[in-house]
Amino acid sequence: MIFRDVLEYKTKSEERLDITKDVQAVVEKYSIQEGLCNIFLKGTTAALTINEDDRMLMADIKKMLARIAPPDKFYQHPENAHSHLRSILMNNCLSIPIANGKLLLGTWQSILLWEFDVEERDRMIVVTMIGG
Amino acid sequence: MIFRDVLEYKTKSEERLDITKDVQAVVEKYSIQEGLCNIFLKGTTAALTINEDDRMLMADIKKMLARIAPPDKFYQHPENAHSHLRSILMNNCLSIPIANGKLLLGTWQSILLWEFDVEERDRMIVVTMIGG
Amino acid sequence: MIFRDVLEYKTKSEERLDITKDVQAVVEKYSIQEGLCNIFLKGTTAALTINEDDRMLMADIKKMLARIAPPDKFYQHPENAHSHLRSILMNNCLSIPIANGKLLLGTWQSILLWEFDVEERDRMIVVTMIGG
């Protein structure tokens, strides 16, 4: 069986959000015990990734992204080219196994939504669950 | 139910192709209304990504990749090491939700096939749909 | 139908392992003929990628990662920040089509597990198969 739901967020520029609990809540809402959970971000200047939600690590990641795709470089695409570049280097879709009703994440794994755009945005994440 | 089809392309070096319509056509061919669409690129020197199909942005992305994995650097792997490196930084598989018979992409999201290899190549993309 | 199994590895720092045969063995163990195989790494300082398993290319990839996320830089996250950064640039989940009982990989495609952490680790990879 396939189930689908949508999570919505209002994000601030350069913000990261830990959305693990929200995705887990969707899995529980549909009572999925065993299966696979796909999350898909509808957007081209934000990203999804799974890693440790640590404030210091987030600062390190931002610095790395600023080295690879600096905001103040000259780009051809106007305004938010660096936001697109960062989005491309990370992911916009992830698939996570579900076991015993829980996302099968490791101890330090959190699902993170990164906003790379230059202003506030409304973000939509589609959660598709296969299983039962 | 699971359905599978294959898309084939003849690509030129450094080319990018917007394959969104082709993937959507496969979804329609199998009349999938609700589900998940996985696309998988059989290749190690090209990549798939979802982002805005804008000519100026594409130039910015190429410049970023040229900074990270320059073609004229000395590499141990002969000939096309930079093509492999760029492929690894991007993706070779993506999963996109299907709703009401359509790929659930955002307004600016296109599915892009990037050819990073140094000469013309034949590329095969496997489309696997789960749903009905 | 959905099937799940787990692969376990003891990895050394900076090691890469070709796990293609192990994943294929799981597909055969459950006699999956047609479907999709998801592999998910439970960890934040290692990564999964699909590319050519060539010793010289692996050296080139390590050099690129050392340029992007050098181990000897000052980071805020203690000890293994560069391991997390490399993990984020690559992937921790992949989905591969299965056809005629085989992972539908290209000629040069191998599934590679990269250990980026600074010491020996136990790694768990969840294999979820959808199909039959």
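Labels for the chains are A, B and C, by order of writing; each one numbers its residues from 1.
To be clear about the criterion, a residue touches a chain if its C-beta (ideal position, glycine included) is under 8 Å from a C-beta of that chain, and two chains touch if they have at least 3 such contacts.
Small disclaimer: the values here were computed from a predicted structure and weren't measured.
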Same or different residue numbers at the subunit B/subunit C copy interface, by half rule: different
Inter-copy rotation, subunit A to subunit C, in degrees (Cα atoms; steps of 5): 120
CA centroid of subunit B to CA centroid of subunit C, Å: 20
Interface hub residues of subunit B, defined as touching at least two other chains: 68, 89, 91, 95, 130
Subunit B partner contacts - residues on subunit A that touch it in the complex: 2, 4, 38, 40, 42-44, 68-69, 75-78, 81, 84-85, 87-89, 91-93, 95, 124, 126, 128, 130
Touch list for subunit C against partner subunit B, complex: 34-36, 49-52, 54, 56-57, 59-61, 64, 67-68, 89-91, 94-97, 99, 104-106, 108-109, 130-131
